[in-house]
Amino acid sequence: MTNTQVTLVQLDNYGPWTVTPEPRREVDLQTLQSRLYADLSQLVGNRDGYVFFTRFDNMVAVTNGLDMEDHARLQESVRNRYPVTVSLGIGHGETPAGALVEATDRLQSAGSAQDAERREVLAGHPLDEDERTDDDVQIAHFDVNDATGEYTDELDAYSAFVHVEQAYASLMRHMHDTHDSLSFFVGGDNIIAVCPSLDRDAYAEAIDYVREDTGVDLKVGVGRGPAAHDAGMAAKHALEVCREEGLDIAGDAV
Amino acid sequence: MTNTQVTLVQLDNYGPWTVTPEPRREVDLQTLQSRLYADLSQLVGNRDGYVFFTRFDNMVAVTNGLDMEDHARLQESVRNRYPVTVSLGIGHGETPAGALVEATDRLQSAGSAQDAERREVLAGHPLDEDERTDDDVQIAHFDVNDATGEYTDELDAYSAFVHVEQAYASLMRHMHDTHDSLSFFVGGDNIIAVCPSLDRDAYAEAIDYVREDTGVDLKVGVGRGPAAHDAGMAAKHALEVCREEGLDIAGDAV
Amino acid sequence: MTNTQVTLVQLDNYGPWTVTPEPRREVDLQTLQSRLYADLSQLVGNRDGYVFFTRFDNMVAVTNGLDMEDHARLQESVRNRYPVTVSLGIGHGETPAGALVEATDRLQSAGSAQDAERREVLAGHPLDEDERTDDDVQIAHFDVNDATGEYTDELDAYSAFVHVEQAYASLMRHMHDTHDSLSFFVGGDNIIAVCPSLDRDAYAEAIDYVREDTGVDLKVGVGRGPAAHDAGMAAKHALEVCREEGLDIAGDAV
Amino acid sequence: MTNTQVTLVQLDNYGPWTVTPEPRREVDLQTLQSRLYADLSQLVGNRDGYVFFTRFDNMVAVTNGLDMEDHARLQESVRNRYPVTVSLGIGHGETPAGALVEATDRLQSAGSAQDAERREVLAGHPLDEDERTDDDVQIAHFDVNDATGEYTDELDAYSAFVHVEQAYASLMRHMHDTHDSLSFFVGGDNIIAVCPSLDRDAYAEAIDYVREDTGVDLKVGVGRGPAAHDAGMAAKHALEVCREEGLDIAGDAV
């Protein structure tokens, strides 16, 4: 059984800020958003967590191993270096989707994302150290079979992108609705899904679903560990096994 | 009639690099990708262009106003500061989709994205200064009606994200297949589409399509200009008009 | 005769900000300062100018080729992405030192560096395009003879640093007081000086001065050009000539 | 008695890289160096250490609390995101100067800073957890009395800088030669010194020395703690006491 700790990172009152007093230059917003994401990746990653950019103004992080002080420091670091602040909601539970529901509840109880008075909320409770186990996190790393040969080198760049994006939209919805998992596009043809304890059949079924829905063939490596980094690195190695041995699914965890 | 100049930015042999000699730490890859994107945004944005992160290893830029020397400097700046290099293909034409086909052709002719020998290709030709006009670029800035009230403050963060993502996947495919446009999610509930000379009916039809396909209500501001920044800023102002006046579509250009 | 355009970049009311409401974490201040400097380097460098970090809260830039709009955009980009703002004073003249006196005057007339009401001043006037010539900027690139063999590989890291720093403190004061030049440590054992039209004798005399004052042997490459980048790159090539041919001074300009 | 752990961060074969195959654009080098420094600040700072930019190609860090694995991860993170690599030498001892001698020895034994074969050395040994105490690190935070009123608002920007720089060059040499301390300019008019157990008299004597040598008046706050952050934050608070009460020296530690 997994016990995923999830943190919702929400920029405070960001939408209004982007158009006040008038719309801000798009390239500056893109730079701000992607650098803030990069910084959070390093801050959380330094403690073996993962952050996903999601919608940029709402980012989802897997934070097993980060305590309240780590979260507070992250808020402080953003406040000290950016023109925006972040609120954090923390949840945990047997499924990543459930943990994020809890994390979201914590923030929503404190006020609207566009409430000018709601700033730097830090709500929810991380896992106690003694609740943690060595297999709290399960991560599945999907990619597209022969993406370079089938798409990147064959189609124009946008048509290739459309295929990847349709596959992602299909997989993310399916894994959420059917398997209580949170899936994130991480660049190239890669999708990382944070999952509960799913078995091989669940992954096979998801790959079939996406193939039928979009025509795109995926494969997946699955890993397990006490935190996102460990589980994610095991998943990457499992995906390498898929590549080398021509498998659709690999990983010790399944 | 528009005349969009599009540059395809492709990281050279990036996929293999990410797993050689063994898979690299995901947070470092995320940091590398998002910072490289931020830097390109600044470099291109400094000359009034736009870059979209797309798949991160393949980024699409609107580069009206950037000449060969500007492109070469961009390659030099990446080479001097990153462990990876980029190839650039340049195209232009009456539709953004057509321009990207041309840009992609230029790179594909030079070799595979995963050809270890193909590095720092700079192919294609920018528009001559005397070919440029004041309305070469049309940009449409979409967002979701009352995204905060309907989704962010109501649903859990991932369910809200699923809705935004489904709307994006629907719009991007439709605008590409039907209107030769390139649409990019830029964070929050915002999608920026680079379009040929589309009229009000085309945008109304696209909004209807997405509503029927996904249940998500969009609105759009449209702008026109000699380069991405001018067109994009006009589109942002038009979107503000939509917000203030409760319109679905606004903009001088349509 | 040179005609250097110099911009003083001053963070608005920065000192008080760093300790309000209580002292901010030093690593965040260091990160903020060095990233802001890096961003300004890219923004200005993209138009062939140079920025020197100087005191970080007061940075000096050589901005031949940048007009008022470029300066305003730079302020906008900082405002959009940082928790601090910058004021800019522009000056030009036959000597870099004189140009900076003018640039400083412009800012000081507008208020104190720690005046909470003085924000985002943009004062002074850039060179008109038709005042510019191909040799407006002279740059001298100094380094320490055999710094690695004599210091880095021989002494402990701090003792090596003390030698480089003493040489720098001596050279920067001497070049300013005697030659109206602005010299900046740029890392390693490198010092870049922005100079008026100095001849070989002036450089020989400066090298002698530093040797007698501190015991450190310098060499120098000198370049000339319409903007900082051109002059600086010529100076770098001249310094390579020094290395290859065992010279103390090289460069077409002298 | 202090027990400072010091890490020397040395870029591998950096000098030759900056001019191969020909001199690289200065703004890119400045951007690379300052961003690498910012990243190391965050990585080390996240574990309560400090990094000083020093010569940028040789940086000095106070790393009490960081073990070998933390150091190795830092090397990995640089390798994954930069075109350069770093070697690390670790030392510790009763004085910071002595600790850095040891750290430097470790690296020098492994090869020259410009040896193309010497890459990513990780040498020396961090303090064991059970060797650490609550007052292993003493930090003194100096600044210039009324720097804004006396210099920044009065003199031109370079003349003000010359004064700060002369004071720094004087203090850094004196504190090293007389008090086995490592002093670093950190921006504005601030100098942070990493010291052994110095008492009030030592600081009073140093302030006198710099006043006589350069005419610049300094004050200092002193702090003590188990790691650089704790000691440095205590020093900042002590410096605030100096400001509020008009003192030259403050701090619990002295």
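We just call them A, B, C and D in the order they show up, numbering each chain from 1.
By definition in this document, a residue touches a chain if its C-beta (ideal position, glycine included) is under 8 Å from a C-beta of that chain, and two chains touch if they have at least 3 such contacts.
Nothing here was measured: the structure is a model prediction, and the numbers come from that model.
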Of A-B and B-D, the pair with more C-beta contacts is A-B
Using each chain's Cα centroid, which is most distant from the centroid of subunit C? A
Between subunit B and subunit D, the Cα-mean centres are separated in Å by 43
Whole-Å distance, C-alpha centre of subunit B to that of subunit C, is 37
Take the average of all CA coordinates in subunit A, do the same for subunit B, and state the distance between these two points in whole angstrom. 22
For subunit A, give me the residues that contact two or more of the other chains. 25, 28-29, 31, 35, 42, 77
For a test of understanding, state which residues of subunit B touch subunit A in their complex under the given definition. 8, 10, 14-15, 18-19, 22-23, 25-31, 33-35, 37-38, 41-42, 44-45, 50-51, 53-58, 60, 97, 100-101, 103-105, 108, 112-114, 148, 152-153, 155-162, 164-166, 168-169, 172-173, 176, 182, 186-189, 192, 229, 232-233, 236-237, 239-240
Subunit B contact footprint on subunit C (complex, rising order): 39, 42-43, 46-47, 73, 77
Which of the residues in subunit B end up touching subunit D in this complex? 24-25, 28-29, 31-32, 35, 76-77, 79-83
